[in-house]
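Look at the two complexes coming up: chain A is in both, with chain B in one and chain C in the other.
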Partner chain A sequence: MNNERRAKIHSLASGLLKFLSGGTLTVIGLCVLLVLTIGGTVYQVEHGLYQAQKDYFQSWIVLLFGFLPFPGGQLTLWVLTLNLILASAFRLKRTTRALGLHIIHWGLILLLVGSFISYRFGQESQVTLFEGEQANVSVDYRLWELAVWSESDPARMVSAIDFDGLGAGDKFTLGTLPLTIKAAYPNARATANGLEAVKGGNPEQRLPGAILAFPGGAQQLVWAGSEPQALILGGVTYRLALRRIRYPLPFTIRLLQFKKETHTGTSMAKSYESLVEIHQGGASRQVRIYMNHPLREAGLTFYQSSYAEDRGRQSSTLAVVRNVGWWLPYASSGLIFLGMLLHFIVMFYRKVVRHETAD
Partner chain B sequence: MRLKIALLLAALLGLLPAADGKFQVGKSFERLLILEQGRLKPMDSYARKFLLGISSRSRAQGLSASAWFARLLFEPVKASEDAVFRVYNEETITAMGLQLPESRRYSFRQLEPGMEKLLELARAADAKPEATRSLVEKEVIGLYMSLSTFQNLANSLAFADTGRHIEIAEEKNRRLFDLKPGESLTLPGFLARRREIAAKLPAADMHGGHGGTPDVAELFRIMYWVESLKAVPGLPNLDILPDYRDGSERWYAPWVYLTEIDDKSHDDTIAALQKATAAYKAGDSAAFEQAFADFDQRALARIPARFAAPRPALEVFYNKLDGFYKAEILYGLSFVLILLFLLFNAGRLRQAAGISLALGAAFNLAAIAIRTFLTGRAPVTNLFETFVFVGLTASVLGLILERFNRRGIGTLTGSLGAIGMLLISGAYSSDGDTMGPMVAVLRSNFWLATHVLTITIGYAGVVVAGIIAHVHLIQAMRRKTEPAALENTMRMLYGALAVGFLFTFVGTVLGGVWADQSWGRFWGWDPKENGALAIVLWTSILLHARLTKLVDGHLFAAGTALGTVFVMLAWFGVNLLGVGLHSYGFTTGIATGLFAFTFLEVAFAAFALWWLKVRAPRAVAGN
Partner chain C sequence: MTLPSKSRALIAILAPLLLIIACSKAKPRQYSELGQKGTTGAHTEENCPVHANEPMGELKWTTPTGWKIKAATGMRLASFQTGNDLDCSLIPLSGEVGGIPANIRRWLDQMSVNIDAKDLERLCQGVPKSTSKAGIPYQVVDLTPYTGASGESIIVSVSTFSDVMLFIKLKGEKAKVLADRKAFLSLCDSLSR
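Our next item is the complex of A and B:
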């Protein structure tokens, strides 16, 4: 490799680095994000929040107006993260003056990384309890699982597989039951002749269904909302259910009391709170969960989410969030505030105390 | 001289009583507590809101809202002749099947014959989705509600009214009511014997019809007559009788109490109301005041200590002070003065404009402070409050800028921003009670005081920067402007935008933290969150583009001018989408204004850029 070529590669590389760490990329990235933010907001009116998050903010590529390819939120945020790292490493001056700016940029990087961790590893589910009821599992909002257990098993060991991603022809064994998927519908309706696919539908309201085949030619329909279906195979009675994914909780939670207050003379809620009992390792304690006061326990956070009334009995729904990175936004906001404070103190000192002009 | 100034100030404060020798409703009536839409408020607030709602005015027949409201309660027959119903569309009157002389306001008496038709039309309009209703359909619904509420209120103290009567023929009943020959039964007469009547009537037959003997049948006829004066349920009523006996909070309208509960627990308050009615009829201000002083004391004494003590006197003061309106006037004056200063360059004018702006800010602040004290909440809890708070912030920012940079631009920006905000707030206040109860999720003073205040200060910063950007562009388009002046404006623009960026950014992040506390996620791409993010992104794009010299001063200024559009869209534009967790605002008819504003701003920025770049290119100072 001759020197000229080396110099050319070198200048190309440094040019690329300059671009990647440069303000132009920052501005482009922010502009793209602005378009996505506006687009994703308007998109929600038609398609709902979940779909907007998926299509605009968690995607690599999004089709604007349904046909125009545009960088998606995930791509844009990764590029901006890279840009922030490189800018702090190469572009920003390493002076006391710029220390605040460095801290702000690293705070932002942490914020973006934290949001990726929440997105990738966070898990949201819910527990709905009537007063006096208890639970040791929480239920997913959207995702479904195919669950099988044997009637004769006194311990009722449940085996389950995520329904998302299953398709016709898939073969596997659930517990001791081998089965084949004949057909799987993300949104279906049970009819007299079997199952019928339903097009579209809000992801949170979809009711999936499937046709299953078993050794010996037996077939069974399962669909969301049906009672667990019985299947007798080789003298064993199995139960099959298509249900929301259940996540085990590390403790039992019991709803002791749900309290809702309304503003006098109106139906507008003033406050609602759940008094729950956490039973763990032989000991139990009572906790109040109410608006703006969640319960954090064993890596899970419980929030007062909603409530319902059924024939005089009240039920409370608690949102359950498992997010290892829940503290990251707090840490990064703290860092950003610190950086801003530092930067403004420095600026104030330079401008007002020493009367320096801007550079 | 001193006295004159004091009188002038008092007049400005609106504290002088109107001395016209007429019947005075007095303090106690104005402070009378009433429950409406989940909030205990003084009668004065209720009366103002009601009158403003039906007539778009705060006075009627030359009377204050409270005084007119007393007329409605105690002399409904006279009040029904008052032209207080504002009708915007002639079509509505025609649709009601009425032929009335063209007018802006009509009386109840004029409109009453069309009420049956109006109800039919209102039902049909109500069946339609709100977005598809025409202006006339909206007015039909609104007018029907107004008329029915008027009717409710007009009947609400009828039990004390001796003017309405019913003929009694049966001798048994005449004896029961102690009627002298030729006398007919009045409502107070009925009320005095109501318990005896209730004992005589077989309860199961109440709505079944006519039990046995002619005298019982006549008692039923009396009951129907009384029933017909009862309120239309579901519409506002005069809920002034407190009941806290079983530990919960309930307030009853006198009629509802008398006809449905009547357990002797309110005999004293009802008697006070009867006295007040008599005093009003007799034109005796002192007795009227005395009766309501007695009533207020008895009502207040029933509220247990564990319920927040209402402060009706302070709220009446707040109403009379009308601080936002006075601030609006002073801001307007300041704006006119500073424009004159910019034209004629007389230093006195700049000073006067500054003083006027500062006085306006003082009224603005006083009104916000009293509200905060009254509601016991952080200063900003609903859309109305965001506007008055941003108005205050804008005027204060303007004053600070003017202090450092004595060229009138700070005052110009501050007064213009503040008056704009207060004008918008007016559109929101006419919709309802601006101190109404809050939804459960917002009830956290800590977060309201941190997240909401920070982000509203940020909005103010971006708006002020936007106004300075307009000034900068106009200055640049004028050839005469000296480069030094341009540079000076640019520095102010930069400072204001930096404040706006800092506070919107911090406010947005704090919002994330609050969202994590209450909904379990830091960020969820909800419309309101996206709106705030859009402002942060836009300001951050501007600052980065300017710092890296991607754009020159003109483009930077044009971009900052457009920042106001982002603020308006984020602020109440997202509420128009009608989706998301943050849909707390009450927004109707704002879309058109927002659209026009966006169009004008874009057109202005485009024109300025075309002028400065193509038509008459001008180098930017400091580039």
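Our next item is the complex of A and C:
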């Protein structure tokens, strides 16, 4: 009986392993990706790029046509990653002949893992400065945070939490301030009586809002469109803000000068560059940032992104990108190339040897 | 009971994968931030350069003749009932409000008016810059030409300070908005510190 059970489990596991490591699953996965690419492209027309990425490619399940559950991009890519790992571990033979194929598989795995690392740990934000201004944080393009700081704190130590994913009933402490979310709206508008949920709308123009409750029964409304709200609790004046996520920079960046050149006779920008001062650990240095010459510092890359003018004053916007896995696509491409080359050499050698033997 | 070696290998591969992909709930974090001078996240839209001045501070204004002062509730700094029974409000909002183009699009959406990107750019470029008698800068976005004759319309004045954007809104039936336009502009013109 015990042996029968073991045999049954063994047979089930073998069947599952065969399917998970098999080419059938690869083909299914690639077909799903094809559908997602077409669906996501069509979806993007009406909902924008950001929402299409979120709903189709970063999700586990997507509702096609608004009702039909279908594997999302993230689920499909994880399944394909698993498929590649299992294929290399169990399906491909461990022979010299298959060495190239193994390397190609691991190159592809590295490419997928690299994508995940960029998606999960990469950050894209921006810093906008007028000449003479400085910043020690960059601002996310899309994501929101609930931030609290004490007004009397000269260093302005901010405690913050990502707003995405917060819902009614969530309890946590920001700094020394315990709070409960009474209501959270991904998109809201402020009315004379408080907040009102807004349905739909362009995701990139949404302004979230929330109602917070504090010990002792105090309640506070925060809305992304409003200035930081004051709250006095226990003799301390706090400021509460629902705003774009701030990412601390490991240094202070000051815009010294912004230069713009225009094409002769037009107001069209030909080139623009920012002269910035990096201040870190008591030392300062000046750096020019211009097209194709970003500043790379402490794992961050600052690109010249845009500019604005106002009554003779100029502001510069620098895109700030942190991508710890930036080297992975290069490494994976190298691996894939190496694997293909090796496989080609092995196959070529075998063909030549076989040919000579036949002669 | 011991599992077959292949099953063990399968579990050994699946377990770390599941661990990697397991979602982690956001946790509070702390960081030090320079004051308002440090970051200016609002100035991101090139098409409509905005005024960037000092902090708003305490503003004063003169209520137009025939207008009644109402209680300023919620986010409002002040509320008025105009001579034609419309609602006019002064609302200061922090920098994350999308700049003038995004707001124009939002207001037009509220009026059920569609506008393409080129027209929006043209409209933005045509928004005049003014200053009140006391030197407070403002830009008046007049959307009455873009809305239907019988429907609702809106005129908004936008003043961009280093800490907030101040919106003065006059919204309602188009004919009444046009009738109150002059008084509305006099309100904008009366802004002072």
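Going forward, the second predicted complex is superposed on the first by the 250 of 359 C-alpha atoms of A that agree within 3 Å, B and C clash if a C-alpha of one lies under 4 Å from a C-alpha of the other, contacts with A are read in each partner's own complex, and residues count from 1 in each chain.
Here, a contact is a pair of C-beta atoms (placed from the backbone, for glycine too) under 8 Å apart; a residue touches a chain by one contact, two chains touch by 3 or more.
Only a predicted model underlies this, so the values are computations on that prediction, with no experimental measurement involved.
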Touched partner set for A:K8, first chain B, second chain C, both or neither: neither
First, second, both or neither for A:C31, with chain B first and chain C second: first
Partner chain in contact with A:R94 - chain B first, chain C second, else both or neither: neither
Comparison of chain B and chain C by chain A residues contacted: C
Touched partner set for A:R285, first chain B, second chain C, both or neither: neither
Which of chain B and chain C A:V45 touches, first, second, both or neither: first
Partner chain(s) touched by A:P294 [first = chain B, second = chain C, both, neither]: first
Touched partner set for A:T266, first chain B, second chain C, both or neither: first
Chain A to chain C touching residues, read off their complex: 2, 5-6, 9-10, 13-14, 16-17, 20, 78, 81-82, 85-86, 89-90, 116, 126-130, 133-137, 139, 149, 155-162, 164-166, 172-175, 190-194, 201, 205, 207, 223-228, 241, 243-244, 246, 248, 252, 306-311, 313, 315, 317
Chain B partner contacts - residues on chain A that touch it in the complex: 22-24, 26-27, 30-31, 33-34, 37-38, 40-42, 44-45, 49, 52-53, 56-57, 114-115, 118, 122, 124, 262-266, 268-272, 291-294, 301, 303, 319, 321, 326, 329-330, 333, 336-337, 340, 344
Interface residues, chain C side, partner chain A - complex: 1, 3-4, 6-7, 9-10, 13-14, 17, 20-21, 25-35, 37-46, 49-52, 73-76, 79, 91-94, 96-98, 102, 105-106, 109, 163-164
Complex interface listing, chain B residues touching chain A: 35-39, 239, 249-251, 437, 439-441, 443-444, 447, 502, 505-506, 509-510, 512-514, 516-527, 530-531, 533-534, 537-538, 540-541, 544-545, 547-548, 550, 574, 577-580
